[in-house]
Each structure stands twice: as C-alpha cells, then as structure tokens.
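Given below, in the form of structure tokens, are the structures.
Heads up, the next two complexes both have subunit A, just with different partners, subunit B and then subunit C.
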Partner chain A sequence: MINKIKGQEDALKLLRKAIENERISQAYLFYGSDGVGKFTTALYFGMAVNCMATNELKPCGHCDSCHKFLQLEHPDFVYIFPTPNLNLSPEGEIKNSDALKMFQKYIENKVNTPWADFFFKDTIEIRKESITMLSKHFELSIHEARYRIVIVEDADMMTIATANAFLKTLEEPPERTIIILITERIQKLLPTILSRTQPIYFRPLTRSVIEEILTTEFEISAPIARTASRISAGNLKTAIRVASDSVSLSRNWAFEIFALAATKDDLGYLGLAKAYKDQQKKDQVIDLLKYIRIIASDLGALNANFEAEITNIDKIDDLKAMVENKSGIDDRLYDFLLFLEDLNRKIEGNVNLNLVMTNLYLNCKHLLNS
Partner chain B sequence: MSYIVLARKYRPQSFKEVYAQDHITEILQSAISTNRIAHAYLFTGPRGVGKTSLARILAKSLNCVNGPTITPCNSCSNCAEITAGTSPDVIEIDGASNTSVDDIRELQHELLYPASGSKYKIYIIDEVHMLSKNAFNALLKTLEEPPDNVIFIFATTEPQKVLPTIISRCQRYDFKRIPIDSIVQRLQEISLMEGITIDTESLYLIARKADGGMRDALSLMDQAISYCMNNITIDKVRQIFSVIPNQIYHNFLTLIYEKNAQTLINELHQIFEQGIDLQEFISGMQDFIRILLLRKLQVQIKDINQDEQVMFDELAKLFGQNKLMYILSYLIACKTDLKTSSNPYLILEALMIKLCKLDEMEDIAKIIEKLNYGSITQTQPISNISSAQSQPVQSKDSTKESAVKIPDAISKEETTVVKLQFTQDNLEQLWQRILTRAKKISQMCAIALESTTSKKAEGKKLCLTVEGNTFYNCLKTNLEALESSISELFEKPVKISLHLQETEPPTKVNIQHTTLEDIKQENPEIDKFVKLTDSVLVKTL
Partner chain C sequence: MRLAIEKKDLLAHIQHLVSIVPSKNVTPILNNYLIEVSEETNMMRISTTDLTLTVVVEFPAAVSEGGTIAVSAHHFNEIINYMPDAVINLWQHDDLLMIQSGKVDFNLLIADHTLFPVIPEPKINYPITVDAALFNRMISKTYFAVSTDVNRAILTGVCWKIYPTYHMMVATDGRKVAEIKVLNSSLLPSLENNDNQGLSIFTEQNEVYVEKVIPLKTLLFLQKIFSEDVKELKVSMEHNRIMFLYGEYFVSSQVFEHKYPEYQKAFPTELPNKFVIDKESLITAIKRVALIAPDENFRIHFDIDNDRFEVNTTNRDTGDAKQNMDDYVYAGTSTGISFNYKYMLSILEAIDTEKVVIKLGSSKDPMMIYNENPIPDQEITFLLMPLRS
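Our next item is the complex of A and B:
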C-alpha cells in the first residue's frame, strides 16, 4: 500500500528507517505544497506502526487496525483539522448540530475522495477547544493500538492561542503517541512549535509522476494527463481537478483566443468575449492564463523544433499553423510570459477583468503578428 | 517502553549541563549558596535554550533533600518526583492552556496550603505570555507578597507580552541563543553517550541549521540518527535535510562568470527535477555569496571548514565585490518575487539569464567617473547628477542648511572646470547648471528662472525677461544670491537686470452667431434650397 505514494521517496525512506530502527519520534512536521501526499503519508505511517499483519509490507490495508484507520474511525486516532466553530466539549462531543453535519461530510469526503477539497461555509481555524480535547484524550490510556496517532492538518491554521496551548503537549506527550503536524506554509508556524518537531519535507511531484498517477489510477488519456501535469505545478489535487473536467472549457477558450489573435479577427474577439461572459470570473481567468502560458511555451518549443516538449499534442496542427511564417516569436515570447506573470498578479489584486481580457487578447495578437 | 526523543532524554538535569547560559547559572548558583532566593523569577529567551529545564533544575536544587544546594542529587525522592513531573510541591502549569482569571484564583486557593514534603512550594508557569491581562492582574498582589516559602518561576519566549507590573516583581533572566560551538560540543557528548559516530561536518551542519536552539539541534540529530543509525555521514545528512551541496552553487557561479546561459539553464532544470524547494535554493545561494563576500574581505568565518576555504577563495577572485553585491541584491529581489509568483520556475530562469548578462549593465560608479572626465563638454549630465545628489539633502524649510552642505560637492566636481567667458553661447551652454544652482537657493527661484521668456548676455549684465509678477518678485528677492552663484561660473562677476514683461490683458473675442442670411450668402446652392423649401434655421452652432 505504501507503494501507492509516489514521488516522495526521501520522506518515505526517512519514515521507514525510523520504524526499522525503532526511533519513532513523538512529533513530526510534514511540510510541502498542497496535493503532494502529506496526509496520505501521515495516515499510512500511522497504519504501518499499528498494522497487525505479519509480513514485511506494512501497512497491509486489510487487517482490523488498517481498516479502522482507512475509515478514520480508529479509537486511538485523533484527527484535527480547521473547522468552523463546533462547540466541542473536552470529551470530543460536537454540540453544534449544523457544524456536525458539515463535519461528517468532511470526513466522508476525506475517506472517499481525498483528492477533492471540501470547503466549509464559515471561516475555519483550529480552535483551542480541539487542543483541550486532545489533552483530555491524552490523559486516558490507549484503547487497543500500539501507538496513538494524532494528525493535525493545516497546522498553520491554529490561532496563536491554540498553538501556544499545544506547546506543552507537543513537547512532552504521553508515551506511545505520535503527533503529526501537516502544513503548506511552514513559515506561518511559531518557531516554538517548529523546534519541538522533526521536520520532513515533501517535494512537489514531478510531471512524470503526476502523468503516471493520472493514467494508471484515474484512467485518463495521455494528452489530457500531460496537460494537467504541466498546469498543476506539482499539485496532484489540481491535476486531478483539471483532468477530470472532461471538456475543459478554459482550454478551449484559450485556443479560441489564440486562433482569433492569429487571424487578427478583432470583431470575432468581441463575439467571443460575449460568449464567454459567464466564464469571466477571477478563478477561471487565472485558470485560463495557465493554459495560455502552456500554449505560449508550446509555440516557443515548436519554433525551436522541439516537438517532444509540446504539451498540447492533440492540437499540434493548429499550433503549427500559428507559428508558420512568423519570425521573431521567440524574442517576443519572453516578454509575453512576463506579461502573463504580471497579469496574474493584477488579477489577484482585483483589477477589472474586462480590461484584463482585452489586454490579453491584444498581447496575444502582438505575439503572433509582428 | 517506547523511544524517547533526545531532547527529552538529555534534558539538562544539573546546572553544569545547561550550555552557554553561564551568565544565568552562575548568578542562580551563588544565590542558592548564599541563601538569597527571590520569590519570583522570570526566564525569557528564544526557543530551545533551556528556560523550562533551568526552572526544573532550580526547583530541584531548592527542594532536594540536601537542599538548598547547587548540586541536586537527582536520586532522592523529591528530585525523582520533580524529574517525573509528579511532585506535589512543584506544580508545573501550562500558562497557555490555563489563561483565565479563574485558573489564577484556583492557584491562589492552593497557595494557602504549605508545602507537603519539601522546603519550598514552587510554581512553574510555562508560556506565561499567554495569560490574559486579567489573569496577570489577579496575580499581582500574590506575586508581590507571596506566602512564605512559595516561589514562582515564569518561563516565556515573548517577554514583551508580559505586563511590566509583573516583570517589575520578578528577577528577570534573559537567555541567549546558543552559539554554534556549544551546540556542536553538546551534540558530540550526546553522540558519545549514544554510541554513535558522526563526522564534524555533519555536526556543524546540524548546528547551523538549528539556528541557536538546542532543542532544534537535538530534533535534527534525532532525525539523522533514525535514518542512519550508528554511522552518520555528511552525505546522508545532506540528503535528509535536502541541503544543496556547495559544489552546485560553485558550478552556478562559475557558469555565471563564464556567461554560459545555456548550460546554466540546463543545470537549473536539473534542480527543478530534483524537486528542491526553490526558496531554500535561493537562500542557500545567498549564504554562499555571503561567504564569498566575507572571504573577499579577508574575514575569518567559523561556518566553513578549512577544505572548502580554498574553493571559496578561488571563486572569490573571479568576481568583483560590486558584482557579488549585485548578484546578492538580485537574489533578494527574486526571493520576494517567488513568494507571489504562480510560476516560480519562470522567475528563476529569468533571473539566471539576467545574472549571465550582468556585465552588460555597467557599474554606476564608473559611469559617474566617465562623466566627470568629460565634464567640460558634457555639462548637462553633471548638473543632473549634482542635482540628484542634492535633492535628498534638501528639506522643505531649511534651505540654508542644505546650501551649507552642498558647496563642497560642487567644488569637488568643478575644480577641473575652466571658468568661461560671459558670452551668449556660454550662457546657453551653462544654463542647466545655473538652474541647478538656483535650485539650491530655492526651488521657486529655479522655476522662475526656467520660465524666463528671454535671457541675454550684455557685457557684464545678464538681462532676464520674466513673465508674471510672482516670478519677478521671487527673482528680485533672491537677486544677490543668484548673482554670486552665477558669477562663480564665469571669469568676471555678473550682474542681473530683471525686466517684467507686461502680459497683455486677454483680448475680447467677438462671438458671431451665424444667421440664415450668412448661410445664404456663403453658398448659392443653399440659398436656392432655402427659398424652395422655406427652411428656417432652428439652431445655430
């Protein structure tokens, strides 16, 4: 089962050695960007130290303990994540009934489709009551497991009070307890928290790993998997989201813009802008920019006759038509890419999207026609 | 029994095990031996330097059966209980979990009962900065005059959050960051006790990465041990902490020196493929260049070992100090860009190309120097530069002060300049400099001078024609200062004669309304048309 985690050989080796050498630390900190397997690794690590299988390949995924862990139902497993106010009692009872439903949905989502993000409606953070609950839990003895496992996801979402309340517990937890903190933003954690943990870095997944996972695990066709892996910047969650949009709207949009820019069809662009009016939202435009960036780098690759580097293989003929007889694209390409970077920043700063789109079109035109 | 991490296993148990805090341990020891024990202590300092440990040691020295002593036995029942955290007389409170006034009240109730089996009743409140303001205030009276034999020890990383009224009631001890040497020494001791071989390079790497915290160092050491067991080598340690070997930076800088952009980009792609954290990569490179710079300045650094020094020195020879500074500033800028960028790879590629082309961007100091040499023919740029220099000095209201400061800057530049004859041509040529000088007298004066409609050199006189009363008055008040400053530029002193140009009053404009008759006269065709259709002019434009 552990082999399912790909692209994190170093982290896995570190953990495996810790188990083999019986030097499992009381507190780990898994850090690295989103969607690279931090939670899965943490869970499997917890399963592995508790697995009842006799063979070497732990976790087995079938024994009683593993099964409970996979369902996130193990009595000696505490899972803390940022939530809306649950009105949690020290015994771990959730008194806020609305939040309880959301909580259950979150767990359900985490068990069945861990790659999809679940969003709570309210503002979320890790509250002090969770830590109080944890300390109460630690006062009791362990039910059945060899090691009690605590996973704190998005540990940077702890409020300052929570983090401080956690310090003493984190420094001297009861024996046979493993606390695993998970975060994307290690710089947001208190230095006093960092100093009490063993940090383990999770690197962004390489493109080939993402392609492999998409094609083998999710049965996604090669060209889409390839595009998705380029867009995702090492984040499997993004890659899956991108790849599972069967007809990618943003991608078509990007290609249409380029097609119109190539033929200098300004009137046609106005029509297009109207047609895509509904799509013109912040997130989607940022998505669009990602595709535009990939197309631009494809054009560059085509220009330099690097056909192997091309991402949008299925559209190669269109791309070729665009590059043909256009000299000087590679000179302008660098400026164009920087322009896209700048545009991205501007969109994050909430500028007028209509202007962004027009600017984008005009720059595409400039790129394709000297 | 499960495994206990090094930081807990080797928590200091006596004063001499607390490293690099001699300034505190000595005072405490002498306080104990002379029996001058305060009733409240405040320990502050960064993470992992021994605050909580020292608090426990202090508790042990006071409550040990042989106590108070500076060498607690660590074997009597009291000591053992304190180490295990079960002593009824040493109460360790987590200040961050028990923050409210109620928690303090509870504590005050307990204070009524004397210590059960030992001499002192000791309260250790850790992370005390998280107590609420009310809780702090509730504590004040107790803290000032606690019952006999009650001792409070507070420990915190953030003393600025503790109320001043609390601080003033405590003996405050500021803990220092632990220097690299002491960390290495401690790690060495521990590796001996654990029976582990570890090379010095790894020790230094861990100590550097720990950044002044002993617990950090021990956590990292733990990680290294759990990975390598009994034999820790530098290669494995680098692998664990994904430290980029200096050799790679060496390659990068050599390629930058050779301006080999293509290979540089290829190297960079290999870094990308390895999935190295880009922020880490950049900060590593910053460190590398820092060492280069320091080596260039012949500074002895403890961070590197002797073998590497030769490599650094050779590389340092290739680069000028300025160039290294430039690279460093680009890296710093790049690091902030990386944080916001959605495509960090692109930013890094662009940076590398920029660094390769660094030589094409010339040194500013050299440009200024060049300009100075050619100053007679190129007067204009100089005056621009001198004005740029003077601007930051100039403040709004104290023009006098700035006028005092600037002359030496001017005289430096102008020693090479030959004074010119006062002719029309020279006047035109030096006009920019005159303006700059005027700016030093007053900003307004320069503007007035700039907007003169004509300027003529007549004999020794400079005839200026000014438009508008405001400018005229301004020039008139500053006339003497202007004259003297302009005179410095020419062979002979110059007099200024001012003329006020009368602005013409706005002329009256007759607005003509076109009538139907006008239109008719203008165009016979329309005339015909009007007659035929009987048209009327509805609106005139």
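Our next item is the complex of A and C:
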C-alpha cells in the first residue's frame, strides 16, 4: 500500500527508518505544497505502526486496524482540521445537526475522494474546541492501538490562543502517541511549535509521477495526463481536477485562438470573442493562459524537432500545420512567453479583459506569422 | 443472524444501555450497538462503548443462526420500545436488520461492524467481591462532590482507595469534599481466586494501598443497573482500567491515570465550635432564605452563638432575608461563616441521620459535616469550604 505514495522517497525513507529502528518521534511536521501526499503519508504511517499484518509490507490495508484507519474511524485516531464553529463537545459530540451533517460530508469526502478539496461555507480555522477534545482524548488511555495517532491538518490555521492551548499538549504528550502536523505554510507556524516537532519536507511531484498516477490510478488518457501534469505545478489535486474535466473548455479555447491566428482570420476572431464572452472572467483567462503557454512551448519543441517533448500529442497534426513553413518561430517564442508572463500580471492587476484578449490574439498572430 | 426473543426480556437489558451510547458523535460507529448472537450458547450479546466506558450485556435468546451486526442504538431502542408485547423476531437480510413482531415490520440499516472498537472479553480474572448495596451506597455518598471542570480531569472522577484493612471512596472539586470510609474490609477475594496472597489487587508487595479514580459516568451507570436481587459485585483492576461484573452486565471503564490530590490537607485538625440541628428544618430554612440569594455565588451566611442561630443572605440587587433557628444545640464561641448554599444542600441530602452535626471555626475555616450518630463500621465525612466575605 505504501507504494501508492509516489515521488516522496526521501520522506518515506526517513519514516521507514524510524519504524525499523524503533525511534519514532513524538511529533512530526510534514510540510510542502498542497497535493503532494502529506495527509496520505501521515495516515499510512499511522496505519503502518499499528498494522496487525505479519508480513513485511505494512500497512496491509486489510486488517481490522487498517480498515478502521482508512475509514477515519479508528478509536485511537484523532483527526483535527480547520472547521467552522461546530460547537464540538470535549466528548466529540456535535449537537447541531446541520453542523454534524457538514462535518460528516467533509469526512466522507476525505475518505472517498481525498484529492478533491471540500469547502465549508463559513470561515474556517482550527478551533479551541478541537484541541479541548484532543486533550480529553489524552486523558484516557489508548483503547486498542499500539500507537495513538493524531493528525492536525493545516496546522498553521490556528489562532494564537488555540496554538498556545495546543502547545501544552505538544509539550507533554502521553506515551505511545504520535502527533503529525501538516502544513503548506511552515513559516506561519509558531517557532515554539516548530521546535517541538521533527520536520519532514514533501517535495512537489515531478511531472512523470503525476502522469503515472493519472494514467494508472485514474485511467486518464496519456495526452490529457501529460497536459494536466504540466499545468499542475507538482500538485496532484490540481492535476486530477484538470484532467477530470473531460472536455476542457480553456484548452479548446486556446486551440481555437491559435487556429484563427495561424490563418490570420481576424473576422473569425471577433466571432470567437463573442462566443466566449461569458467565459471571459479573470480566473478563466488565467487558466486559458496556462494552456496558451503549453501550446506555445509545444510549437517551439516541434520547431526544434523534439517531438517527444510535446504535450498535446492528440493535436499534433494541427500543431504541425501551424509551424510548417513558418521560419523564426523560435526567435519570437521567447518574447511571446515574456509577453504571457506580463499579461498574467496585468490580469492580476485587473486590466480590462477585452483589451487583454485582443492583445493576446494579436500576439499569437505575430508569433505564427513573421 | 436470526433469533427470537420476548420484548420485555430484550427491553429490560437495553433500556439502561442506551444512556451511555454517544449520540451525534464525530466517530459515527460509536452511535451503534454491536450485537453478537451465538447459535451454540443461545446467547445474545450487546456491546456499547464511548471509549471511556464499555458495557457488555449477555442474555439468553432463541437463536437459530449466529451472526454479528452493528446497528444504530437509539433507533433500536425506540423501535423495541414501541413493539407490541410479544415475541420479536430479528434477522439479518443483506445490509438490513429485519425486526418483526406480529404485524409490525421494521427494516433497519446496519453499519459496518468491523469498524467497531475492540470490545474486551466479558470475563474477569482474579476478581474481588464487594457487597453491591454497600458499593451503591458509597457512590451515592460521594458522586455529587465531583468537579465538572474539564481542565482538572482527575477531579471529575470518584477516587476509590483500597487499603489492606479498609477501603474508602472520596470526591472533591476543591470546594467541597465527600468521603466515606468502610472499616471492616468487606472486600473479599472471591472463591475462584485461589492464590493465598490476600487481595490480588496488590500487585506489588510493598504497596500500601491501591487507588483508582473512576469516571462519574461509570459509577452512575453502575447505580442504574443496581438491583436488590444481585448481591455481589465482582471487581478486577488493571493499571489503566477497572472492570465490574454485575449480574448479566460486564462494565469496563478507563480510569484517570494521574494521582488523586491530597485532599486530606484541607481537613482542619481541630474546630472549636459545633452545633447539632434537625436536618430537615435546616434544609427548609436554607431553601427559604436562598430564594433571594445572589445568583453569581449563591452566598448564604450562618451567624451563630449560644443563644442565637441565624441563617441569612444579602443580595444587592434584590434585598435580604433571614431566619432564626430553634431547637439546636451549640457548643463554642460566637462565629459566622458564608458558603455556597447549593453545595450545602447537596451535602445535607447525603446525611443519613435526622440530625446533622456541623463543626466550624472562624469565617475562614472550612466546615465539617457529619451524621449525628456514626453508622457502624463506616466513617462519613463532608467538608465545605467557606466563601470569602
């Protein structure tokens, strides 16, 4: 099962050594950007130290203990994450049925589709009530596990008061208890918390790892997987989201712009602009720029005859048609990419999107036609 | 699984059980009963746990097919409660529990029983035996004094201390203490306990006493299942849990692992003043005067000397009240003391005799409250800290 975690060999090696040498730290800090496997690793690590299987490959994922962990219902497992105000009692009861429903949805999502982020409606933070529940857990002895496992997700989202309350439990955790803090923003943690944990860095996933996961685990076709892996910047969550939009609007849009630019069909572009008027929103355009950038780099690769580097393999014929008999693309490409960067900044600065789009089209045209 | 059982038999066993099932818990499996039935023994076993307290009850049923399921406890109880008074048939069909009696049919969704926390075998090794009625009495003399402050978890339990020749129960929240000592050690190693080393709970030879701080919830549950018919309560202890076997019930509870504070330090060595008064009339007077006592500290005041005993209170927002008491015996000098009347009433309720003995010193000394005549072989002591004036 542990082999399902890919691209984090260093972190896994550290943890494996800790188990083998029986030098498991009381508190770990898993840090690194979103969507690289921090939570999964934390959970599997907790399962591994408690797994009841006799073979070497722990966690097995099948024994009673692993089963309970995978459903996040192990009695010796405490999972803390930023929540809206739930009025959680120290015994772990949520009296308000709406809040309970929301909580259950979050857990359900975490169990079944951990790569999809769940958004609460209200503002979220790690609340004192969660820490009080944790302290209550610590008063009691362990129910059935070898090690009690505590996972605190987004540990940076604690208020000062919560952090101080948590510090007390972190200073003197009961024996046979492993606390794993997870954060994307290590610099936001209190130094007092940092100094009491063993930090483990999780690197962004490489493109090949993301492609492999997408094609093997999610049965996504190679070209889309490749596109998604490039857009994701090492974040598997983004990659899955991109790849699972079966017909990617932004991708089609980008190709249409290039097709019109290649044939200098200005009138056609005006028609296109009209057709996509509703999609012309800030986030959507930023998304579009990502695809434009990938297509541009494909064109460059094609021009230099690096066919293996091409992302949009399914559209290779269109791409070939665009670069055919066009000299000097590679010279203009550098300026074009700089222009895209600049455009990105301008969109963030709320420049008129109509102007942005027109500018983008004209630059595409310039790129493809000397 | 498939079984049949009389409604009243089933209900009798689950009616107390439901009170300890957590509801709306963030670990949803805890909201369920684990029901195991065995064809060989013809027994039905229902387990429930909130991780602190685990209760298993086992009783006969007509089982035609064994099996294990987990099912929502609150629903199960309510359904059984509303069933006609007849034989109830229960069987499992895929992921449903069918409950049928006469013309009534319920199909109840079942939960994944493999998620249920591990339940210890309902067996007790090397038990000691306690008189159940006595144990029940010890709980009722102490339970009201426990603290509700979650930050000092140890005080939310009742401490049971066992010495080789006597044992005692005590509870305190820092403002009041309730203590009951039982002098003739009625704790007997049970007959099945063959080693001759006396009480088996003394695991290490040089141990002077054993102390277990038991959560209040556990003790209140034991009180609930107490019945005159079952005389013996079997107890066994491990380092972090205590187990009881009482009739058909097996109760396993976590204990608090810290050391109980040395509350005896609060007991004053000598108090110069002492009065004896009828318990009921004192309770009535306190309740009467308390009608206008301040809401923030429930303060009531005793003013007492040889020819006057006044119960009074002053409330800046509402006014003041006083009552002069008759028929009391007083020995000592003139003194006065303020206290929280709710605490005083809870202590007076626990007094057995018609008259109550209260010893007091100055306004800063705690009050000690006793029965007028000691109960044979028992020493019952209550302490109430004064409010600062």
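Worth pointing out:
As a convention for this text, the second predicted complex is superposed on the first by the 364 of 370 C-alpha atoms of A that agree within 3 Å, B and C clash if a C-alpha of one lies under 4 Å from a C-alpha of the other, contacts with A are read in each partner's own complex, and residues count from 1 in each chain.
Operating definition for what follows: contacts are C-beta pairs under 8 Å (C-beta built on N, C-alpha and C of every residue); 3 or more make two chains touch, one makes a residue touch a chain.
Since the model is a prediction, treat every value here as computed from it, not as a measurement.
Upon superposition of the two complexes on subunit A, no clash is found between subunit B and subunit C, which fit side by side. When the two structures are aligned on the shared chain, A:Arg196 is found in touch with subunit B, with no touch to subunit C. Looking at the shared chain after the overlay, A:Gly92 reaches subunit C, while subunit B stays out of its contact range. When the shared chain is aligned, no partner comes close enough to touch A:Lys237: not subunit B, not subunit C.
In the superposed three-chain model, the partner touching more residues of subunit A is B, compared with the other of subunit B and subunit C. Look at A:Lys110: by the touch rule set out above, it reaches neither subunit B nor subunit C. Looking at the shared chain after the overlay, A:His366 reaches neither subunit B nor subunit C.
Aligning the two complexes via chain A yields an angle of 100° at the C-alpha centre of subunit A, spanning the centres of subunit B and subunit C, rounded to a multiple of 10. Of the two partner chains, subunit B is the only one that A:Ser25 touches; subunit C does not reach it.
When the two complexes are overlaid on their common chain A, residue A:Thr132 makes contact with subunit B and with subunit C alike.
Contact with subunit C, but none with subunit B, is seen for A:Gln71 once the two complexes are overlaid on the shared chain.
By the touch criterion defined above, A:Lys346 reaches neither subunit B nor subunit C. Between subunit B and subunit C, the minimal CA-CA distance in the chain A superposition rounds to 8 Å.
Taken together, the two structures place residues 132, 135 of subunit A in contact with subunit B in one case and with subunit C in the other. Across the complex, subunit C meets subunit A through its residues 22-30, 50-52, 112, 114-115, 117-118, 150, 153, 240-241, 254, 256-257.
Of all residues in subunit B, only 1-5, 7-8, 46-48, 85, 94, 96-97, 99, 126-127, 129-130, 157, 213, 215-216, 219-220, 222-223, 225-229, 239-240, 242, 273-277, 340-343, 346-347, 350 touch subunit A in the complex they form.
Subunit A contributes residues 64, 67-68, 71, 73, 75, 88, 90-95, 97, 100, 103-104, 107, 132, 135-136, 139-141, 143-144 to its touches with subunit C in the complex. By the touch rule above, subunit A contacts subunit B in their complex via residues 7, 10, 13-14, 17-18, 21-27, 128, 131-132, 135, 147, 161, 164-168, 171-172, 175-176, 191-192, 194-201, 203-206, 233-234, 286, 289-290, 293, 334, 337-338, 341, 344-345, 348.
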